[in-house]
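Read the structure below first, then the notes.
Chains: A, B, C, D, E, F, G and H, in written order; residue numbering restarts at 1 for each.
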Amino acid sequence: MLELRLHGRGGQGSVVASKILADAVMKSGKYVQAFPEFGVERRGAPVVAFVRIDDKPILLKSKIYTPDHLIVLDPTLIEAINITEGLKENGIILINSEQHPSEFKFDGKFRVMTVDAKRIAIKYRLGSKASPIVNTAILGAVIKAIPVTTMDYLVEAIKDGVPVKIEENIAAAKEAYDSLIKGE
Amino acid sequence: MKKVLMGNHAISYGATLSRVQVIAAYPITPQTQVVELLSEIVANGELDAEFIKVESEHSAMAACIGASAAGARAFTATSSQGLLLMHEVLHWASRARLPIVMANINRAISPGWTIWTDQNDSLSQRDTGWMQIYTADNQEVLDSIIIGYKVAEKVSIPLMIVLDAFVLSHTYEPVDVPDQEKIDKFLPPYKPKIKLDPEDPHAFGGLTAPNIYMEFQYNHQQAMMEAKKIINEVGKEYGDITGRYYQNLSPYKVDDAEYVVITTGTISKTTNIVVDKLRDSGVKIGNLRIRTLRPFPSEEIYEQLKGKKKVFVIDRNISFGNTGIFFQEVKASLYNTDIRVPIFGFVTGLGGRDVTPELIEEIVNIGIKNEKPEEEVIWMGVKK
Amino acid sequence: MTEKKKRKISLSIPAEEIMRPGNLACQGCGASLAMRYALKALGRNVIFDIPACCWSVIDGPFPYSSIGVPLLHMAFETAASTASGIRAATKVLGKEDTTVVAWAGDGGTFDIGFQALSGAAERNEDIIYVCYDNEAYMNTGIQRSGATPYGAWTTTTPVKHYKKLPKKDIIEIMAAHRIPYVANVNIAYPEDFIRKFKKAASIKGTKFIHVFSPCPPGWKMKPDDTIKVAKLAVQTRVFPLIEIEHGIKYTLNVKVNKPKPVFEYLKLQGRFKHLTEKEVQRIQEDVDAYWDYIMKKVEFSKEYAG
Amino acid sequence: MFKPGKKIEFKSAKEIPLTPMSLGDMTHNYTGSWRNLRPEIDYDRCIDCMICWKFCPEPAIFIENDRPKIDYYFCKGCGICVQECPVKCIAFEEEGK
Amino acid sequence: MKKVLMGNHAISYGATLSRVQVIAAYPITPQTQVVELLSEIVANGELDAEFIKVESEHSAMAACIGASAAGARAFTATSSQGLLLMHEVLHWASRARLPIVMANINRAISPGWTIWTDQNDSLSQRDTGWMQIYTADNQEVLDSIIIGYKVAEKVSIPLMIVLDAFVLSHTYEPVDVPDQEKIDKFLPPYKPKIKLDPEDPHAFGGLTAPNIYMEFQYNHQQAMMEAKKIINEVGKEYGDITGRYYQNLSPYKVDDAEYVVITTGTISKTTNIVVDKLRDSGVKIGNLRIRTLRPFPSEEIYEQLKGKKKVFVIDRNISFGNTGIFFQEVKASLYNTDIRVPIFGFVTGLGGRDVTPELIEEIVNIGIKNEKPEEEVIWMGVKK
Amino acid sequence: MTEKKKRKISLSIPAEEIMRPGNLACQGCGASLAMRYALKALGRNVIFDIPACCWSVIDGPFPYSSIGVPLLHMAFETAASTASGIRAATKVLGKEDTTVVAWAGDGGTFDIGFQALSGAAERNEDIIYVCYDNEAYMNTGIQRSGATPYGAWTTTTPVKHYKKLPKKDIIEIMAAHRIPYVANVNIAYPEDFIRKFKKAASIKGTKFIHVFSPCPPGWKMKPDDTIKVAKLAVQTRVFPLIEIEHGIKYTLNVKVNKPKPVFEYLKLQGRFKHLTEKEVQRIQEDVDAYWDYIMKKVEFSKEYAG
Amino acid sequence: MLELRLHGRGGQGSVVASKILADAVMKSGKYVQAFPEFGVERRGAPVVAFVRIDDKPILLKSKIYTPDHLIVLDPTLIEAINITEGLKENGIILINSEQHPSEFKFDGKFRVMTVDAKRIAIKYRLGSKASPIVNTAILGAVIKAIPVTTMDYLVEAIKDGVPVKIEENIAAAKEAYDSLIKGE
Amino acid sequence: MFKPGKKIEFKSAKEIPLTPMSLGDMTHNYTGSWRNLRPEIDYDRCIDCMICWKFCPEPAIFIENDRPKIDYYFCKGCGICVQECPVKCIAFEEEGK
C-alpha cells in the first residue's frame, strides 16, 4: 500500500487534487482512497489531504500517520510548518517551486523534487495571476514522480473532475509532467 | 458506472437513483455536500423533485412528513445536532408510519463543539421507532438508500441510513453507480398507503384514546418484526441485480471462529484487516458486523454466536450511566437464550478518535487474555 | 313549526356546510365558527394541516373528523413547515390547484411555530397560513402566549402579575416579511372573512390570515357573548380589520368612525376584571395610538403605492 | 339536518388502519347533551334573516324551506343565536322545563 | 404539613422548597398545573426566582442551561412532545455538566394525539446523559425534586424526575410538605462549579478536538458511576431528617421471594396489592421497583435477583424493533453475571391504558405457568 | 523603523484590545473585526453566548478563547433563549449591571434561531442580540440562508438556480416587534458601530443589532476588499445605516446623497458574477425602492414622533 | 375501600369538589385519593371525578369502574348520559335537585337522595344566578349521606381549598347538610 | 504587542476541567504561518492615521509609541491594511522574497 500526503493552504484545492488523483488511479485498475484532513478548513491556513493506493481493496479506515511521499502545493508552507512529520525514509517531497530541489534542505533522508506548477498554471490562465490554481498542474508532475497511474488516465480524471477550462488543465498537467525536476 | 465518490455524494446519487420527489434539508457539517450536490442535480433538471431549503432540521423533517403524507417520496439528510433537533418529529414520522428515508452522518454530540465521528447521535434515536442501518463503505451507502426506500415502503416505517463522519462522508472511494433503468425496475414509483387527498378526505393523527392507542403501537412493533425479514429479502433481491448483497448482519470469517468481534460502521472494515492478520497467526477469530440496529436482529445474532468462545463488542458510543449501546443490545438479546459466552464491551473512538488496527488488536488481546470482562465498560484509547 | 311563508331568502355567505356538528368545541367557541367560515370560502379542493391547539381536539378523536377535508394533525411547532412539505408534494404530483392551509392557534403561531412560519414566508411558500387567535394557550388551560394582550389574566399571568407586555404585533411582523398577502378577519364579520379567504386562495405565494377568535372559558365570558365581543373588538378599534399586500399596501376594511370606549369590550371578559381604571385608560391610549399608527400606514401606503 | 353518523368500533389491532385515520365524522356524538339551556325559535316573529344560522358555531342551525331550524341533537346551547337574533325571537329556557 | 396535593403541585412545592432561582417553562398537558402554581408562588413573592415564560420547551431548556451556567439553580417541567422537543438541548445540558433538575410527566407520544401516560417520552431520553428517577406517589415526587438537586449538584449532572401522567400528575393524595428550614439545612444554596463570570472570564463548550473530546466523555461516565452511590447516600440523609428514605431500588417483599415482578412508576403500587394478595394464597412473590434508570443500578439489581426463580418485567413502554426498555436494561445488566433466571418481558399500559390489579395478576400467572417466555415481548391488555 | 516623529495621535475608537489575535478567522474576516469593535464598545462587564456559527470556530478550540470575556458556546438555535436564561440568573444573583450579549450569525438569526429571538423580543428580555450577517451559512461552507440576497450564488443556490428570493428584512421585522432599540452597523464605519453598541448597552430591554460583515471566501472576493466592499454597501445604498427606536422612530445615520451604482458593489464579489446586466438592473431597482421605502419611514416617523 | 364518582359538566367544579372532599377526609385521619376523569374537559360537556377512601394507605392506582356511590352536580345530566354505569347495588345517587328523590327512576337498585344545592348556592351568591357554583354546597349533603368525615373537617377543607367567599361556602355546605332528602 | 500565550496540554482525563473550558487565549497560535503575502509599513510615508490599526481584523497591528506596528506572529496577510492605508505606504510582497 502506498500512502501520500498533500500539503496546501485552505482554498488552494488540495482536496480536489487528491480526488482527481484517486480517480486517475482507479481508472488504471488499482484500488484507492482519498480524504482530506478531518477538520475545519480556513482560507490561508495550512491544510493536508491524503491518498491511499493499493492493488487490493482498501479496508483500512484509519488515518495516515506515516506517508510514503509528500506533495507540497505551496512552497511557503515549508517555512511555516513542520512538513516532514511522519514521512518515511526515502520518501519523495514533491514541491511546487521554481527552485531547484537542491535548494531545499530537510532533516532526514528524503528525495526532493520540484516543478514550477505556478508558472505553468499562470501560463494556462488557471486561477488569477495573484493566486494561480496549481492543483491539476502539479498532478502531472506527481504521476511522473510517483508512477501510480498514466497520463491518459489522469487526463480522463481531469475531464471528469474539473468544471471549467478542461483543456488548459490537461495541458498544464502535461507540461508539468515534462518539467519535473528530480534533484540529485 | 464506477466513480470515485465521497460518502456524501454516494448519498446524493442514491437519492437521485431512488427518484425522490421532495427533498427538505438543512446544512450541517459533515453532511453539507449531500445537500449541495442534490441542489445541483435538481437545478440541472436531472431529478424531478422539489427541494425545500428549510430553516432548520426540525422543519426539514416536518416538511418530509407533510410531503410523504401528501403522497410523495421524501428524503432528507443530516447529522448530530441536526438529527437531535429532529427528535420529536422523528417520533412523529414513525408513528405516522411514513416511509421517509434519511441519511445521517454520525457525528459526536456537543458540547464541546465537535464535528468528528461517533454514533451517539443516531443511537440516541434508537427508541424513536425508525429503522436504522449502519453502513461501512461508500458503495454500501449508495446501495442502502435505494434498498431503504423499498424496505420502508413495504413496511411503512421510516428508515435511517447511518455512516461515519469524514471516514465515509468525506472519503473518496470507488463506487459503482448503477444504471437508472435497473433501479427503476427494482424500485417502482411510490404508491402511498396514506394520502392526503381532497377526493378521498381523511384526517390523520387525531386524538387517540387509551382504548385504542395501544393497538397502533402493537401494529408498529409487528411491522418492525416483519421488517427483519423484509430487509434480508430486499437485500437479496438487490444483490440479484447488482451482485451486491446486503443483510441485517455482515459476518466475516465468523463460521469457524472461536472469538467474534462485533462491530458497526467503518471500524468493521479495519477490524477485518486485524482478523486476517490474527488468523494468519493462528487465532480463530471472526468479525460480525451489525448493519441493522432497528429492528434488532436478535435471532440472527444468536445463530452467529452459537458455540463461540468469546465475544468482543466495540462501541463507538456510550449511554452515560450504563454501557456501550451495541454491547447492551447484544447482551439483552441473548439473555433468554442458551448462549452464555462472555461478552466484553469496549468503548472507543468517541468524538473522532482514530480507531487503528493496532487498537483493535489490543482490544482482541484483552478479550482473549481475560476469562471474562473485569469491568462492564472497558475504555480503550482514552487517557484515563 | 308555523306555516311557511313563501319567499326566497338570500344568504350573504355560501350555503354549503362542509364542517359537521358533533365536534368537540366548547359552547360558543369562536374557533369553531372560524373553521366553518373558512371551509365555506375555500371549498373542498384543499388540504389542511393543524398543529397542537384546540382544533386538534375540536375535530374529534380517531376515527372521526369534523372538517370534511383532508387533514394532517401535526406537532405543535410545525404548521408552516408541514404545509411546505404538503405543497411541495402536490406540486410534484401535479396538483397545483389544491389549496394548502396551515391552521394554527396563536400559541402555535406567535410562539412555538413562529420560526417555521417565518421560514415559510421567507421562501414564499404557496400556502395559506391561518392563525385563529384566542389570545392564550387554551387547549392546555389558558396560559399566556405572545398573543395575550396587555392587562389580561391567564393562569401563568395571575391577577397579581397580570400580563404587562403588549401583544406581539403579528400582522406587522408578517407584513415585514413582504409576503403577497396579509389580512386579519373577525368571526363577527363573516362576509369580510369569506372574501379575504377567497382572495388569499387566488394569490400565489405565502398568505397569512389572522383570525380574531373569542374563547368563552379562556376569556371568562358568557358563551353567548362570543359574537358581541368580537364585534366590539372592531367597534372599539381594538382589532382594526385590514389587508396588507406585499408588505406595503395597507387597506382598512371596516371604518370605525365613532369608536366605542375600549371598556365596553373589556368589561364583558372576566380576564380583565382586575384592571384598575388607570389601567383601562392606559389600554384605551394604546388602542388609540395603534389605530393612529395603522391609519398612518394606510395613508403612507396610498402615497407610496400612488 | 345532518345525517347522524355511526359510531365505529374496532375489535382488534387487525381491524384498525395503518395510522389513526378518520373513517367518519362526529355526527354520532350528540352534543345536545351538553346543553342545559335550550334555544327555541318563535317562527311567528322570525324574519328569516338567517343571522342565527350565520353565527351558529356548530353548525347546529340549518335551513329548511328557507327557514332556520335548530338541530337539537347537536345544539350545545351556547346562546349565540339567542343573543344575535335581531328580533329577539329565540327563547332560551332550561332543558327539561 | 400534610396537604392533599395533585402530583403537579407536589412538583411545584418541591421546586419552591429547593429555592430554585430561575424557572423557564412552557405549558403542556398534563404538566400545566406545575407552571401555573409556580407562576402564582413567584407572583406572590413567596419564592425569589425569575420565571421566564418562554416560547417553547426547546427554549425552556436552553434558558435553564444559560441560567445554570451563569450560576443559578435552574428548574423546568415538561412532558412528552415537550420533552422530545428538548432533546438536542438535553444532550447539551448533560455534556455541559450543569446540575439542572426537571420534572417530566410521562405522557405517550403522538400521533395520534394522546395525553395519557406511558414512559416512551422519558425512556427515549435514556441516552442523553441525564440521570433519571421514576417516582410512584406524590410524596415521592416532592421529595425527589429536593433530593434531586442535592445529587445533581454533587455529581454535576442534570437530573430528571419522572412521574405518570394523570395517575400522579392529576391525582390528589395526602403529601407531607416539609418545613423550609429543614430543607434549607439539607440543601444549601447552589455553589456553581461552572460559572460565566466577568471577573473570571472563561469560554465554555468550545471546539473539542478528537485528541481530547473522549476524556470528557470518560469523566461524564465516571461521574454517573459515582452517582449510583450518591443517590443512595443522599436518599439516606434525606430519610434521616424526614423519615422517608429513597434509594435506587425500592424492593417490596423481595427478600424471600421466588418470583420477582420488576416495575416502575405507579404500576408498582398496584403491584404491591397483587403481591400481598398472592402472598396470602401462598405464592412467594415480591416486587422490585426500579427508581433510578440512569445511572442504571446493575449491581444492586443483581443483589436483589440473586437466587430467584423467575423475574417478570412490566414495561409501560416499547422500543419499536426491540423490546420493552426496562426489560432490555435488566437483561443486559445481568448477562455477564452468574444469574440466569428466566426473565419475562411484558408490555402493557401504553397510551394510558389502565393497568389494573387483575391485569398484573394475569401477568404473574403467565410468568409462573410458563417455564420461560415464549416470545421476547409479551403484549398484555391489547386487542391483538 | 524610522526615527520616531513626536506627536500625539488621536484615536476615533477605544484603544483597548480585549480580543486576542491567533484566532481562527479566515484572512480578512469581517466577523472578526466586528467582534473586535463590539468588545471595545462594551468593555469587560459582559457575558456572551454564541450559537453555532463561524465564531464558534474563530474563538479557538478548547482550552483556548480569544474574546477575553465570559462566553457560553451553545446550540445553533438558542442564542436568544440562552441569553434570556443568563440574564435571569444575573438578575437573581444581583448582577444587573452585567451586559448580556447573544452573538449569532445570520443563519442563527434569520433562520434557525429566529423563534428564540422573536420570543425574547416579545418578553422584552434585557439583552443585546447581535447578528453578524455574512449572508450565508459560512461555517458549513456557504449555503443559502434567509439573509442571502437576491441574485447570489451559494452552494445550495447554484449558478443555474441562484437565489431568486429577496433577503429577509430582519431590521423591519425586529422593528415590528417594537423593542426599544434596533440598529444596523457596518464594519467599515467603526465609529458609528461603537456608538450604537454603547447606546444599546445603556438601554433596558431587548436590543437588536444587525452587523454587515463581509466574508471573503463566502462572497468569493479578495480578502483585502473586505472594508472596500463594506463601504460600498453603504455608498451604493445596499445597506442603509439606520436606528429604530420602539419600532417607530427611524433615524438615518449615514446620508448617501450621491449613491454609487450597485454594480460597483456586486462586481467585487464572485458570488454575483453570473448575473446578467438585466439582473443587475433589477437589483439596482430593488435597492432604489428599498432606500425610498426607508426614507419614507424616516419621514413618516418624524411626523409620527413629532 | 369506598369509591365515589362525581358527575358534573365542564366548568362546574367537580374536580375541586372531589379535592375538597378528599382534604376533609384526610383531615379526619383516613387515607384518600381523588382524581378527575383523565381526558379533555369541555365547558358544558359531561365530566366525572372520583374519590377513593380507605383506612389504610391507598396503593391502588388504577381507575374506578364500579363506584359505591354517585354524586350528581347537575340534574340535567341524568337525561343526557347513562349515569349509573358500573354503580354498585344499593349505591347512593345523591343529586343536586329541587325534586324529591322519589321522582327519579333508575334501572337497578340504588338509593336516591337529593339536595337543592342550586337554591342554596344562589342564596349564598356562589356563582351567578344563571350558573351557580354548587360544588361546596353539595359537599355538605355528601358527608351527611356518606359519613366519611365530619362537618368540622369539611369546614377546614373549604377554608383551605376555596379562594373567595369562604364564609358563604361554609354556610352553604352546612345548609345543604341539613337539607338532604334521603328518600324512602 | 501581544504576549504570546502558552500551549496547554493534558496528560489524562483527571487533569481536564469539568467541561471544555478555556484556560488561555490563542496567542500560542502563530497565524503568521497563514500569510503568503507580507505587509510592510514604510514609516517615512506613514502619517500615523491609524486606519490600518483600526481595520486590522486580528488584531495584528498595535500602537507603539504612537506609531502602527505589525505583529508578524499573527498577521494573516489579508491585505486590508495595505488597501485601506490612505497614503498607500504599506507594501505587500510575497513571503520569503
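Points to keep in mind about this one:
We take it that a residue touches a chain if its C-beta (ideal position, glycine included) is under 8 Å from a C-beta of that chain, and two chains touch if they have at least 3 such contacts.
All figures in this text were calculated on a predicted structure; none of them were measured in a lab.
In this assembly, G is the chain whose CA centroid lies farthest from the centroid of chain A.
Chain pair with the larger contact count among C-D and A-H is C-D, by C-beta pairs in contact.
Averaged C-alpha coordinates give centres for chain A and chain E that are 57 Å from one another.
For the pair chain A and chain D, the distance between mean C-alpha positions equals 79 Å. Distance between chain centres (mean CA atoms), chain B to chain H: 46 Å.
Computed from the mean C-alpha positions, the centre of chain B lies at a distance of 40 Å from the centre of chain F. For chain H, residues that reach two or more other chains under the stated contact definition are 10, 12-13, 19-23, 31, 34, 76-78. For chain F, the set of residues that touch two or more other chains comprises 24-27, 56-57, 59-65, 68, 71, 73, 75, 77, 110-112, 114-115, 118-119, 122-123, 139, 146, 216, 223. Residue positions 53, 55-56, 81, 85, 88, 92, 95-96, 110-113, 116, 202-210, 212, 215-216, 218, 352, 354, 382-384 of chain E are each in touch with at least two other chains. Looking at the complex, you find that chain D touches chain B at residues 10, 12-13, 16, 18-23. The touching residues of chain B, when paired with chain E in their complex, are 81, 84-85, 87-88, 91-92, 94-96, 108-114, 116, 120, 123-124, 126-129, 131, 157, 204-211, 213-218, 220-221, 224-225, 227, 293-296, 298, 318-323, 325, 327-329, 331-336, 340, 342-343, 349-354, 372-373, 376-377, 379, 381-384. Interface residues of chain A facing chain H in the complex, by the touch rule stated above, are 9, 42, 44-46, 74, 76-77, 79-81. By the touch rule above, chain B contacts chain C in their complex via residues 21-22, 24, 48-50, 52-56, 58-60, 62-72, 74, 88-89, 92, 196-198, 200-209, 212. For chain F in complex with chain H, the touching residues are 1-2, 4-5, 7-9, 11-13, 15, 17, 19-30, 32-33, 36, 59-60, 62-66, 68, 71, 190, 216, 222-228.
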